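Chain naming follows the written order as A, B and C, and within any one chain the residues start at number 1.
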Amino acid sequence: MEKLLEVKDLEVSFQTYAGEVKAVRGVNFDLYKGETLAIVGESGSGKSVTSQTIMKLIPMPPGKITNGQILFDGEDLVPKTDKEMEKIRGKDIGMIFQDPMTSLNPTMKVGMQIMEGLIKHQNMSKGNAKDRAIELLRLVGIPSPEKRVNQYPHEFSGGMRQRAMIAIALASSPKLLIADEPTTALDVTIQAQILELMKELQKKLETAIIFITHDLGVVANVADRVAVMYAGKIIETGTVDEIFYNPKHPYTWGLLSSMPSLDSDEKTELMAIPGSPPDLTNPPQGDAFAPRNHYAMKIDFEMEPPMFKVSDTHYAATWLLHPDAPKVDPPEAVKRRMKNFSSEKLRKG
Amino acid sequence: MNEMAEKQKLVEIINLKQYFNVDKPNMVKAVDGITFDIYKGETLGLVGESGCGKSTTGRTIIRLYNATGGKVLFNGEDVHGKKSKKELKKFNRKMQMIFQDPYASLNPRMTVADIIAEGIDIHGLAKNNKDRMEQVYSLLETVGLNREHANRYPHEFSGGQRQRIGIARALAVKPEFIIADEPISALDVSIQAQVVNLLKKLQKEKGLTYLFIAHDLSMVKYISDRIGVMYFGKIVELANADDLYQNPIHPYTQSLLSAIPLPDPDYERNRKRKVYDPREHGYSRDEEVTLREIRPGHLVACSEKEYKEYKEQYS
Amino acid sequence: MQNIPKELFTPATLNENEAEKISKPSLSFWKDVTTRFKKNKLALVGVVLLILLVLMAIFGPMMNEFDYRTTNLANANKAPSSVHWFGTDELGRDVFTRTWEGARISLFIGLAAAVIDLIIGVLWGGISGYMGGKVDEFMMRVADILYGVPYLLLVILLMVILEQGIGTMILAMTITGWINMARIVRGQVLQLKYQEYVLAAQTLGADVKRIMFKHLIPNSMGPILVTMTLTIPNAIFTESFLSYLGLGVQVPLASWGTMASEGLPAFEYYPWRLFFPATLICITIFAFNVIGDGMRDALDPRLRK
């Protein structure tokens, strides 16, 4: 598979009046053509900052890329000027945001918002752009697109606005689509429709998608590969099956055991992760997750763990994978998942 | 818990209606005639998508809104209607509420101690200042926070901690019944478990009864004994939590359950979503649609005709 | 990989209480605001000026041997000198002393008018906004009607009916001055009354008084304070203006407005008689304005972390 995006050692900081906040502290990942990578994390994990940095949408100041490279199709985006990025945004890289009401211009007709990119990047005439816009609205499943193209965002429902956002993002058939919590604000049934739509379009256009979310159910639904972020770093990455059925990092264990499964009964207590994510104005020495980690060892408080290899596609940054580390028992909920994994592997293998 | 105590009705909601902008062109029938009971010691979950009226139901029960029609009975007494200040205050002590937004549910200008002690202050539940602070410290520890937190301000806490402060505030007046209005929706996944575990612990220790309003169906199923599903201001299904998930009868419930993504890639690869269209019922204008019992303890909103069909299919 | 001592791979003990600890010292909202305010150089200049003005208003008239009313016609219209630091007026009275006596009156009137506006405005706007419905409509219509009355006409009318003096002046200014504050408070209350912490207070059984004074008004203090700091210079200016028109305090009392009024005709020959009161009016208004702007910026929630 061809590599589309390589993020190497990315570090992003913000100058606030409380001090320097290191929001992204060394992120590495690759994205291949046509695949979906889900970046999962909770608030403060740095997932949104990472995705916005790829598009160079972070205001600088107060933000600053203090280290790293973002190689898109071989070219490093980090040194590019805003003007150079404008040629890429909307054309090669599209973005969908969480709140369609604030990401659509309320005073501009929806059709025009789609046409803007087409006219600018593909030099289409207004007439051709309008035809293409109607086609796109139809593609994303909006009924009566010829009428809808002349309407304003407030005349669309929440789900339809999100579809319109997808139309705008995909107008120029970009190679990469960054979707930042696109369904978090939607009802479950609308969310399901939008996810189905995105997968359908991805197949048609062969777009690679970076899907940012905190909802593990959605990840299981859309992702080929997953990167789990905590306190500005990726702490585990693997295929979707590896992450859900054979996770290795205690934080991933914590996430998976803190959710009730449909077959869990009321008697089993949910395993909560104590405390809250750390304050990134003063990132801790050692593993940032250590203070909340039931499985923490002394070394977790002294040195940050490197990425340990579990398989060619699966890596986790935890000292538990060091040869000298004791063998530990993951939580019940995780053990049940691992049982499925081994039987899966046997079935496939 | 013996059968008798378990089956005692604490809250009875009878044909409750809540309409906004009545008699105006933009009238909204947020709650349109719902009837159900909440038994002492149980957790009743109320689920539905945005606009179904579940939050409005909660707020009407606790009398933040005056009901447009119908009745709410607490231990047999009518909650609405003309009441003296004393009578209203009595209800305040029996029913409390936990809110959704940890950032908006605490007064940013008050210390944590004052926030938690507000109920104590209003109802005069402390003998003196020392007693008041002791109660506050005790409540902080009950919800898993430290005594030192009492003099701090809300903005210094994380979302999960703020929700726990909100729970401490509700507990201060020693209520019997707590309405939790989407208490975990705004929290991170790993923090949701903290709050849910706390609520379960408190229920066991203090014999509380909960109405748990949420849209996260997996969490609702975990914490609830029974679940009601709302759709456009009406209850379409009401059953034991397990029964609802294993045997959803109403097509809306089936569609809702089939749309939830679960953290299980295999399940996701094979999941088929069912689409719901309210027109599929084909109700005629004067056909009566009410909640009828299809299986023991399992009620579904249906017409006479559908009742017969469901009974055949599911009993 | 470098050699890591094996003993580091032993489990560490997890203190769950540690996980809940807040490391930073407690920072109340107002401490936060004052920190930001102190960073605003212009606002600090305003504060310094204000402090100087108040000190001079208190101690100024006692600083030399003259009082504000003793006339000495032989000494009339003398330019500023080492004896009369600001010169003398046409009745030989010491302008320095009169200026600072005038400061007392102008500042007092300005402050009094602002405080009265505050009390009436907060109560009126707060109750109107919280009660809503017909009460709100009625209260706001009354305010609108009063607002529409030609202000100067009203003031002149009052001055004619009642005795001219400080009391009448304050009454005239506050009769409609509270409306601005009322509208601002009402706006805040309308926004805040649906906040969940207000709903929580209601479910706990709080009465209207408690909700107003513990929840709604404290959370509106920002705009209230800013409005007040911008009302004071307005009041001082209005007082000067009215005094200038001859509707102000009576001789031999002096306010900056009356002094300016008396000083203008003589400006060509004895400029110091207009210069000092006029300059101080400007400095005072400037100081309050920059303080008000500084407060508004310091209170901006977007700048908060």
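In this text, a contact is a pair of C-beta atoms (placed from the backbone, for glycine too) under 8 Å apart; a residue touches a chain by one contact, two chains touch by 3 or more.
Everything quoted here is computed from the prediction, not taken from an experiment.
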Pair of chains ranked first by number of touching C-beta pairs: A-B
Chain located farthest away, centre of chain A as origin (C-alpha): C
Where chain A and chain C are represented by their mean Cα positions, the distance between them in whole Å: 50
Rounded Å distance, chain B centre to chain C centre (Cα mean): 47
For chain A paired with chain B, centre-to-centre distance based on mean C-alpha positions, whole Å: 32
In chain A, residues with contacts to at least two other chains: 274, 276
Where chain B touches two or more other chains at once, by residue number: 161
Per-residue multi-chain contacts in chain C, two or more chains: 20, 24
Chain C partner contacts - residues on chain A that touch it in the complex: 16-18, 274-276, 279, 290-303, 306, 319, 322, 324-326
Footprint of chain C on chain B - complex, ascending: 59, 62, 64, 85, 88-89, 92-93, 95-97, 99-101, 104-110, 118-119, 122-123, 144-146, 149, 151-153, 155-157, 161, 166, 169, 173
Residues on chain B engaged by chain A in the complex (per definition of touch): 49-50, 158-161, 188-194, 196-197, 200, 215, 217-219, 221-223, 245, 255-256, 259-268, 271, 273, 276
In the complex, chain A residues that touch chain B: 42-43, 187-189, 191-192, 195-196, 214-221, 240-241, 244-245, 254-256, 258-262, 264, 266, 269-274, 276-277, 340, 344
Touching residues on chain C, where the partner in the complex is chain B: 17, 20-22, 24, 26-29, 195-197, 199-207, 210, 214-215, 218-219, 221, 304
